[in-house]
Amino acid sequence: MVSKLKSANASAAGQIISRSPRQIAWRRFRRNKVGMVSAGISIVVLMLSLFAPVVCKILGINPDELNLDLIDSSGIPTLPNGGISREHPLGLTPGIGRDLLANLLYGSRISFLVAFLTTGLAIFIGLIVGIVGGYFRGRIDDYLGRFTDFLLAFPAFFMIVALSEPMVARIQETGIAQGNSARVIFLIFFLSFFGWPGFSRLVRSQVLSLRERDFVTAAQAMGASRKRIIFKELMPNLWAPVIVVVSLSLPGYLAAEAVFSFLGIGIQPPATTWGILLDNARRFVTVYPNFFLITAGSLVLVVLAFNLVGDALRDALDPRSER
Amino acid sequence: MRKNAISTRVLAALSAGALVSTVITVGATSTANAATPKAGGTLYFLEHTPRLDHYDPSRIYTGRDLAFMNSFHTRTLVAYNPVPGEKGTTLVPDLATNTGVPSNEAKTWKFTLRPGSTFEDGKAITCEDVKYGTSRVFATDVINDGPAYLQSWLDIPKNADGTSTYTGPYKNTPAGVAAFNKAVTCKGSTITFNLNKSIADFNYLATYGVISPVQKKLDTGDKYDLNPQATGPYKIVENSATQLRLVRNTKWKKSSDPVRTPYPDEVIIQFGLDEEVIDQIMLEDTIPNAVNFGGPLPTNRDKFFKDAKFADRRMNNSDPYARYLAFNLVKMPCLEIRQAMYYARDAKALLDYAGGPDYAGSYATGVISPLLATDFEATKVVGPSDYKNTADVIDATTGFKPSGNVAKAQAYMDAAKTKCPADYKKATETGIVIDGRPSASDNDTIPINVAAYARVGIKISYNLIKSGYYPTVMDATKQSDLSTSGWGADWANASTVIPELFTTAGGFNLSQNSKDPAYKAFEDKVNLAMKTTDRKKQAALWKELDKEAMKNFWVLPTLFGKAQEIWGSAVQNVFFWVPQGNLAYGKLWINQ
Amino acid sequence: MPRFILRRAYFATLTILLVSIVVYGVFSILPFDPAALTCGQKCTPAIVEANRVKLGFDKPLWQQYWLFLSGIFLGRTYGAGSAEFTCPAPSFGYSFNENMCVTDMLAEALPVTINLAIGAFVIWITVGVGLGLLAAKFRGRYPDTISSVFVLLGTSLPTFVTGLFFLIYVTIKWKIVPLSLEGFTPITESPVKYLQYFILPWLTLAILYAAFYTRFTRATVLETLGEDYIRTARAKGLSERVVLLKHTMRAALAPITTSAGLDIAGLIGGAIITESIFNLAGLGRMTLQAVYEFDLSVVVATTILAATVVITMNLIVDIAYGYLDPRVRMK
């Protein structure tokens, strides 16, 4: 579909100002107010997370500082509204009175790390396998197709849950990483391992249709090398679907990380992630509902923003999509 | 040893409580005590975990579960008297007509069975059934997790590696069987146990299911755990992922059981409920005939204990466990580092986190709990000199300060720097690893500990073991530098504490202390204490040994704990039963 | 047609076998000793060794796998001497944590999970397809806006957030749906208790899936409405309702059936979060528990079972697709 965009653009080029597909997509994206706002939110959240140490310093909050004196014997902050104040913008966590905002910010770093690396790795493998399968077709494609089908037959979430403890133990034993690093590696590796077949299917179908297009046939007729065709002709036309998939799968992986921490098989304390915070929130919800609402609200807000950016991108990049 | 596997919440609370030097129990006893008990109704126990560890009498070892099953389902030769106060620790005859007759310097013990007792299928209980039940624990590959005293005490030859030559009823050698038949004999309805040494309190072991009748033809080995034959007034009719349902055992006769008074028609443990949900049920009294089996959540304790309307439905007791962190001496050989870790710890913050002295208990002075009144004395080596004192001041004798005696800890660290540089480097650079069980409160207490130890430059990290916690840390190759633990006496004698925790023969030695210079003398003294039949002299020895273990910092003592109990308004005759530190479940009745 | 089915069935069986080999292999080479975990505190190497033999872990891997596989068809015997016992066929192993044959545990857990999946399915397919149709019919008007808000929220709320919200607020705080104490009660026994047990878990799952199906149905229907044959139908003067429900839906049915089949299959193996939040004694919670306790035989069995369900559903969907969309059969 993207190539259609290209040709449409070419025919229009003579009459109006010439615009690249990128510019067109960007103009279309800018017109989508919801998309713009969400993109703004997403970028702000990402920046806050990336620069969490600086942000915390500016706000004068510290994720590790305990405020045991502000907590009563039931673990609830003694100040009104769960301790929301200038010193603690979102209040304190129950139990030991850490600053909630600082913990959300620091916690999001692990979540984003997992989400980005997983998406990156899955896309990378998916691209290679998809292009190879779609371009060479024949027996190679057959084998790769069988293999992706085979992987898709695994109950992925189930496998990751089941493998978590033993595999983490294995990683630690080999000495590659210990503790939470081992857990992060496990999550990234296995989430992407079960995630790439989806990407590869998408890429393959795109490549299959692209290679029948005139411009590829033309390049082949001109004697372009295989490398040139793949990198100069096919790849540039794949970025649009890929970017859409990336923006839609990021929030998925973000939530996945939280789920695993929540189930107690992801990152372990004393590290903080949103899943761990939510697990804590569950214990205090009847006495301190703010904690649950703020933590769950933050997660939903971020996932929502990313989803909306993904939708907007798709609308912008794929003019045929009906939304 | 009842490991305190019971309630992870109790363990996680990592604080200790103190009680009154005799056996505690405070809190409410039901006002309806005076009323005449009524039979009928269903008694519910609401529980968070998906099941109890075991039901097979030979395999139960968790205090609460033991008290539960013995109250309703499983009869033993002798039993603890289910009455309030210290009288609750006295033995009364149950399946036997006496509480055991020792002879030959307490190396031979005889019990005579009561006529008229039957299994749930109506078969009369014979001496052979008890003997068969006793034999099962030797099949350690099938019947695991139960107390292991029989294997070490019965007069059966041992292999070089310390295991018994008798391997239980399922798979064995003729020599092993012959040895067992010599050690345990039946004559009419009298069963005789021949021991390899004098055990003055052997009859206390007879309160455990490891000595209880099992029918050979109904023994399904591992699977017997699912539905063991009842000998008490209730039998299991459903054992599923949601509930354990007990109904009246029609073959049980009141005339043959002097201990039990079965009031409710049915007893049900409802498993897998969210803890918050259980507390809400209790707060609203939605199910008045229910008991919160695990105690209230820390977040809800104030709601129950600061509101007068729950006065008849709550109890706050010292529990029988001493909590500690066991130092793995193989990995932590430097005494100064161990001392530094003790003094740097912020015990006050942890106690406050767990609910403060009101709910969580008091600072431990050793591993012998004050509930073991005869053998307890504050060691004056660690903890406050007066064990009930929870004030945050430096104790003049021990140097202990609840929020941490940082100066003292730092002095030990400085000493360690020159005395054991390798260990110092490990503590300050690589970091010390602590075994623990993941629980919601660990999410919170870990940062408290990290911050406290950072004050003297010690780095710590945690190895959270989800499953098989005790088997894992008992494995010397898998144990980290410290292991979180807790221990309560099996019966009212520190002979089930000190030897178990600190000698190589002990069943729960997490300290790996056999290479410590002080070990040899310690072991000799333990052997002396075990032989001492004069209870007063023996108690004096236990007190000394507790002190010595603390001086050597084989463990880092943390808390003498407390536990809370909550029940619904229709549950009557609730009182604390000292032996296992629970309610006397079998005495509860429903006011309909 | 039968050849097509046979071929697919053959490949599905092959895949199941392959999956079982991989799953079994992966879990068996893991770095801990399952035998050691069956042992109490006074654990000596001799006992661990005995347990290893009892569990069959002393044998080479391929033999272990063969024992496992043959156990499915012939049953399997454990232990020795008079403590010997048999898990009759189909045996998926024995759990030493639960003292039960895994098959019996599966038999207890599966009904819960299947009821959960089917109930959720009924809700999400009704809501999803209904909303999708409405949105397509009133494209750009307020039903469309409402449905797109629903889609956004539904796809952005992780199930554990919705689930927790339901449990904490609807059950604990507001007490709208009282807590189910009984556990799983078959609908034939007590419809009220059955509903009480399942309604919130159903909703938790259904919200997410209904959102996807709304979006999906709307897109498919809109695409179909542009087709020539719809124009023909309209030109014939058929009522808009007939056009929408009969002609358009017929075309949309095939892709919806496909995803529905796969989603149900996924749920049977994957409702771990919902089951653990609501304490439903189903397959997911059982697996999670087994993971916590390193109960390998249970984990292996449930994983293979879940994969089998996915593969079988794939097969069924493939075949059904052939009937719904004749073009496929021709290929």
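Going in written order, the chains are labelled A, B and C, and every chain counts its residues from 1.
The rule we apply is simple: a contact is a pair of C-beta atoms (placed from the backbone, for glycine too) under 8 Å apart; a residue touches a chain by one contact, two chains touch by 3 or more.
These figures come from a predicted structure and were not determined experimentally.
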item	value
Touching subunit B and also subunit C, the following chains	A
Winner on C-beta contact pairs when A-C is weighed against A-B	A-C
Subunit B-subunit C separation of Cα centroids, rounded to whole Å	41
Approximate Å spacing (C-alpha centroids) for the pair subunit A, subunit C	25
Centre distance in Å when subunit A and subunit B are each reduced to the mean of their C-alpha atoms	48
Numbers and ranges of subunit A residues touching at least 2 other chains	165, 264, 282, 285-286
Sites on subunit B at which at least two other chains make contact	276, 280, 466
Multi-chain contact sites of subunit C, meaning residues that touch two or more partners	168, 172, 292, 294
Complex contacts: residues of subunit C adjacent to subunit B	36-47, 50-51, 54, 78-85, 96, 98-100, 108-109, 167-168, 171-172, 178-179, 181-184, 279, 281, 286, 289, 292-294
For the subunit A and subunit C complex, residues of the former touching the latter	149-150, 153-155, 157-159, 161-167, 169-170, 173, 251, 255, 258-259, 262-265, 278, 282, 285-286, 292, 296, 299-300, 303-304, 307-308, 322-323
Of all residues in subunit C, those that touch subunit A in their complex	15, 18-19, 23, 26-27, 30-32, 148, 152-153, 155-158, 160-161, 164-165, 168, 172-173, 219, 222-223, 266, 269-270, 272-273, 276, 284, 287-288, 291-292, 294, 299, 302-303, 306-307, 310-311, 314
Subunit B - residues contacting subunit C, complex	3, 50-51, 139-142, 144-146, 148, 151, 161-163, 169-172, 216, 219-223, 225-226, 240-243, 270, 272-274, 276-277, 280-281, 286-287, 466-468, 470-471, 474-475, 507-508
Touch list for subunit A against partner subunit B, complex	64, 66, 68, 71-76, 94-96, 98, 165, 179, 264, 268-270, 276, 279-280, 282-287
